[in-house]
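In what follows, structures are represented as structure tokens.
The two complexes that follow have chain A in common; it is paired with chain B in the first and with chain C in the second.
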Partner chain A sequence: MSGAMGAINATVPPAAPSGPDARRLVDVVLRARELGIVAALAALVIVTTALEPRFLDSQNIEFILSNTTIFAFLAVGEAMVVISRNVDLSVGSVLGLSAYLSSNLFTQVHGIPVPLVFLVGLAIGLVCGVLNGAVVAIGRVPSLVVTLASLYIIRGVDVWVVGGGQVVANNLPSSFLSIGTSSIGPVPVMALGVGAVVAVASYYMKKFRSGRELYAIGSNPDAAVLAGLRTGRRVFVAFAVSGAIAGLAGVLWAADYGTIDSTAGTNYELQVVAAVVVGGVAIFGGSGTIAGAALGALLLESINTALYVLGVSPFWDSAIAGFLLIVAIALDKGISTRLTGALRKRNLQYGT
Partner chain B sequence: MPPVAAVAPVLVLEHATKSFGPVRALEDGSIELYPGEVHALVGENGAGKSTLVKILAGVYQLTSGRLLVDGAAVALGNPAAARQAGIAVIYQEPTLFPDLTVAENVFMGRHPLRSGRRVDIRAMREQVARVFEGLGVRLEPARLARGLSVADQQIVEIAKALSLEARVIVMDEPTAALSAYEVDRLFRVVERLRASGAAVLFISHRLEEVFAICQRVTVMRDGRQVLARLLEGLGPDDLVKAMVGRDIVLRGEETRRAGGDVVLSVERLAREGVFADISLQVRAGEIVALAGLVGAGRSEVARAVFGIDRYDAGSVVLHGRPLPKGSPTAAMGAGVGLVPEDRRQLGLVMPFSIEGNVALASLARLRRRGLVRRRAERAFAADWAVRLQMKFGRLSDPVATLSGGNQQKVVLAKWLSRRPALLIVDEPTRGIDVRTKAEVHRLLIELASEGVAVLMISSELPEVMHLADRVLVMREGRMVAEMDRREVSEETIVAAATGQLQRLGA
Partner chain C sequence: MGAVMTAGLGMAPAATAAGHPLKKGLKVFVVPKNLGNSYFTTADSVKSGGALAALKALGEQGQETSGTADSPSSQLPVIQADLSKGANALVISATDPTALCPTLNAAMKRGVVVVTYDSDAPACRSLFINQASPQGIGAVEVDILAKELHNQGQIAVVSASASDTNQNTWIGYMKTELKKYPKMKLVSIVYGNDDTATSTQVTQGLLSRYPNLKGIISPTTVGIAAAAAVLDTAKYRGKVKLTGLGTPDEMKKYVADGTVQAFALWNPASLGYLAAYAAVELASHSITNAKGQSFTAGKLGKFTVGAGHTVLLGPPFVFNKSNINKFNF
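Moving on to the complex of A and B:
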């Protein structure tokens, strides 16, 4: 031991073993964002229910959950993309195109099996995602620009294909429409399915190399290259998954709403990005969870519904969503600054 | 510990050259690394050390020459190939993933797996903990990398190198940003690496560190290996001499006499953690060189004087009037010009035309009723282009199309056209060909003889010797020497900059 070490030990009480302590700090901070959302959600429910007990009606809960479902589903893919320090703005347009093309199959091919329609929706989304991913990963064009372009292009294709027409519920088989309406208790079947997807994707991002590598790429792209990660490939896959999910979400949307024209999913991309960020995924990548992103979607939808139930003007919907976004980003910045500070201090204390 | 001899070298670089277009960054890079040895690589700024490191790291590919690992020729096409070959590079400022744990930083891309190809977090943390234990450092594998000190970040990189079973560990100026205690710990770690049979290539400007932990040394100068042998029997002055080594360059015309009024007077300037207690004066008609190693704080002093960065204590006085802190506008108004080191980032607006860039600092003079007149701008620029002998196609071409030397002339023209009383130039000839370099030198001398006070930051000793009336040397944020034109020599500058001044008795 050198003299310097002795000097440090002399000024600080003998350091307790730093292991479990440091781990606890890290764990708490990592969970803080999801805990924050759960707390916000709880506060919202308590306050709103106190003012208007109808808020907790099973009918109302079902309403919230079914409105959340599509956004939470889209948030899974979007979160993967954002974690890798990219963004996918095309999900709303992909959803719209897939919703029309897949549901229109029922009018063109009589008796077409429902699973096949889902596969078609998935394929449409996958193609869009693959194109996005290829331009971003191979062309090295910023994803903001690429997906902004594909937002408009895909919507343009949608408008061109749909023309003035629309698919209406009468043309859709009841087995298809029941996907959107059936529920177990107050929980829609669709929400259960999406919940399962969220759980699987969260586990995947946490436990599998490719998931961890997405975090690494978003945390420091240069270091990711130096570490020998195939960054282009990982980002490409994230976009493909996001596209595929948006495609599937389009089919679900069709089953849920029953009437599909060329405006389906308009502006969804912004709500999804908002949900992801409110849910604690850092907008510049590297941290956050998919479960958090899904919770973000639930929180935003619950606020909308609460405002409606309380009879507040719908004008406040978007204002509050925007406000939450600011809060989320401020929290993000605050947490990382605090965390950096706390960890630095720890260094000094233990003299590592 | 006696250095191991009569062992086959683990890595040999033979007559390596590296060119970037017409520029030769490495003329004849050779080095032999033996297992169980710490090998020092020293040389002045621009001697080719960094290029050599980047070749070993797989970042640059050889233009010619051979690289042998364990006696077999290898080609390192990318960083992954270098790692595969057992070479790990620890940079001065490592690049980690701040949002991930220390353990995951070590194992990114090759996590240990358990059933179902899932990442085995516990095994990962245990392995990293074992590596840290072996290195004798206390670092928690489960903590986030965010907030780690530079020293700890280096330890994480070393742990990564060890978990990759690297046999050659290159450390590129690892101690530059470390405190004395951290240097101590790093040396203990290096000693363990050496004892375990690794070959460590240690790059440092601090010769006392070289003598403290290295057994063998390679000295580079002007892109060539000039000395390679065991350190035993050598002294710091031998290394300094080998690093400088060239004939003393001719000085500028001796007739030039400095001694006008004091234009710039800096008193006890300090910025916490960057530089401290900096006092200097520059007189009209004088060229004062600020010498020292890269990272000694010279550019930072210039930025503080010009008002780009704030300072915590001290004062900057121009023509007897204090300059307000942190205001480049006030500095410009008082007649200060700054030609920054990084002209592409800071000195020029690359997509703008030549005329647009030249006129940029003089828009107030070229403007009528709030609008800048194109024609006036062009006439203005044309005048300066002729005076500085710029070579270009048309004045409306973007500056990005010019050569480095002519770009530098555009930056100079921008400031000269304001008729500054004090011109601060930071590495005025970096990356410029020899002929243009001479023209820039001539220009600076001309300016001084017209009565402009020139403060020049330069890492090129011949340039300092050639131009400066006085030389100030900075080391680690402090002024360590002031030399008159008569007493200055390349050896004394290098000795002062590397902290060896007392040894040479200067």
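Moving on to the complex of A and C:
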């Protein structure tokens, strides 16, 4: 809820002296939330490295970043959807369908240019996202139900199309596979690309009117309608973007893993939603940042890798992810309650 | 059972010495661990000459059914649905040695034939079609790696799921075989759950945790392909040896570029074909599951039921650069 205040303050001219003050307070809190993730990440790195110095080995850093890349990318689209008080559960299935159909082009059309394959992946994702968005925005059906249905439908289409077939590394050109393996120092090229996307999306959500409106819609959909925002259109676009990103992520997945069957991306939706929430995006919309969501993906993936490196049972991985979710939600609740109280007090003090 | 009458008795193609001619029109459900797994597609499909090809040739109603995840909770509802559709026989790769048993035992009491292939559920089936002896599979992988490593160094195993019957049996025999190579040390067994992303992560974890790791055995097709993709970089190619069980198609690139020198497998299509044949033989009361019973499985020739109600397909086959391009599955 905290971001909601910021959003509405940003779109409504500051009529009272409380405006700038409150905004500063909100900024501090938001920044604190991302700082919290960074602090958690730092603590994890310090503890793990103390126990096992090889955790900070450049090869291991490359592994972590390369495994984070696809989740962080998906988290960009998912965060936009969640900020608008919706959820997109179909991203894993969209990724799977796109991964197979796009990489299969290499076996069907000899010498097809790699960028064209990325475009096809993007188009597949966009179609799925547009369908999700249309049903949610025009049909006014809760997105949880819509995307749960499309999760199953799209995976079903995937299993039907792929059958038991698969695309194997031998059929993929090395220029395509090298996208998944090349790196600059310990930073995979794919991670650099996704980092740029995160930066652009963060800037958009912060500075553009349509981005701010997603926060307003998520924080109070009814008020957003009354304020004259075109809520349907904004939510529709958020789903289309999430779908398009999942489609592109499918092509990256194919380049990264090299062997693609109908199981690609299974269960990714929950890991992505977890990353978004751990990254400080409120599950009921209206607050959080894209950068935070990407950091959430990095944190979860780092925990995962830390456990493997330390040789701890992967059971703990799921347990710790669950614990972090509860911490994130509790923090969110606590912060928003306090913030609402603080703002009310100020308003009373200065009068509105 | 009602579907039998369509076949003229005199036309039964493969009457065996043991007794009744083979029935036609039997409802035989082939239940791999999960759908969308290329290994099982090869084992089951008509195109590759697997289980459904055998059923088609015999005039049965064959169908492949399973869930999308490699787990008993995904497989069991499918088996129950198959039974309610009136299955005469089930050909199953068990996702768990015991979890399926209450359902399968109840079905067998009602006369449904249960044959397991690839992964066994010993307490609740008539016959297990063994792809290769577990000793043979475990030993061949260790021997390949020992040769590549000159009998020394740290090695690890990237398995499928911790509850998989066949994986655990093979790993047990790997440990036995490793006693021949005292300078090779098995430092870790990790589980990739037959999921590409998880298998990738656990392989990376091994490389980070054991910088002196010299070799990896992955006795599962998903695991070996994922591990090969991780090792297919200048840093690791040829320096950390990889072997295990893989399909030729998935491994061609990695064998060509030197990431993998040799790996083993049986012919999955023959395994499925044999399992389907055995199921039809049993369902037709042409054979029983007793030791010493024998039958002819079409193009594969004659097989005899061995100890523990099992039928052995044959020794594992080793693929390498010189032969891999002759295979397409």
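Operating definition for what follows: the second predicted complex is superposed on the first by the 320 of 352 C-alpha atoms of A that agree within 3 Å, B and C clash if a C-alpha of one lies under 4 Å from a C-alpha of the other, contacts with A are read in each partner's own complex, and residues count from 1 in each chain.
We take it that contacts are C-beta pairs under 8 Å (C-beta built on N, C-alpha and C of every residue); 3 or more make two chains touch, one makes a residue touch a chain.
Because the structure is a prediction, the values reported are computed rather than measured.
In the superposed pair of complexes, A:208 makes contact with chain B only, with no contact to chain C. Look at A:229: by the touch rule set out above, it reaches chain B but stays clear of chain C.
Applying the stated contact rule after C-alpha superposition, one finds that A:287 touches chain B and leaves chain C untouched.
Of the two partner chains placed by superposition, only chain C is touched by A:308; chain B is not. When both complexes are overlaid on chain A, the residue A:155 reaches chain C alone and has no touch with chain B. In the superposition on chain A, A:166 makes contact with chain C only, while chain B stays out of contact range. When the shared chain is aligned, no partner comes close enough to touch A:328: not chain B, not chain C. Once the two complexes are laid over each other on the shared chain, residue contacts for A:97 go to neither chain B nor chain C. Touched by chain B in one complex and by chain C in the other is not one residue of chain A. Residues 52, 54-55, 57, 59-60, 63, 67, 155, 159, 162-166, 168-170, 172, 180-181, 256-259, 261-264, 266, 304-305, 308-311, 314 of chain A are the ones that touch chain C when the two sit in their complex. Of all residues in chain C, those touching chain A in their complex are 34-38, 40-42, 44-45, 68-69, 188, 190-191, 195-197, 200-202, 204-209, 211, 222, 225-226, 228-229, 232-233, 235, 249-250, 252-254, 256.
Within the complex formed with chain B, the chain A residues making contact are 2, 4-5, 8, 18-19, 22-23, 25-26, 207-209, 212-213, 215-216, 218-220, 222-229, 282, 286-287, 336, 339-344, 346-347, 350-352. Those residues of chain B lying in contact with chain A across their complex are 79-80, 83, 95-101, 104, 108-109, 111, 113, 117-119, 137-140, 142-144, 146-149, 152, 180-181, 184-185.
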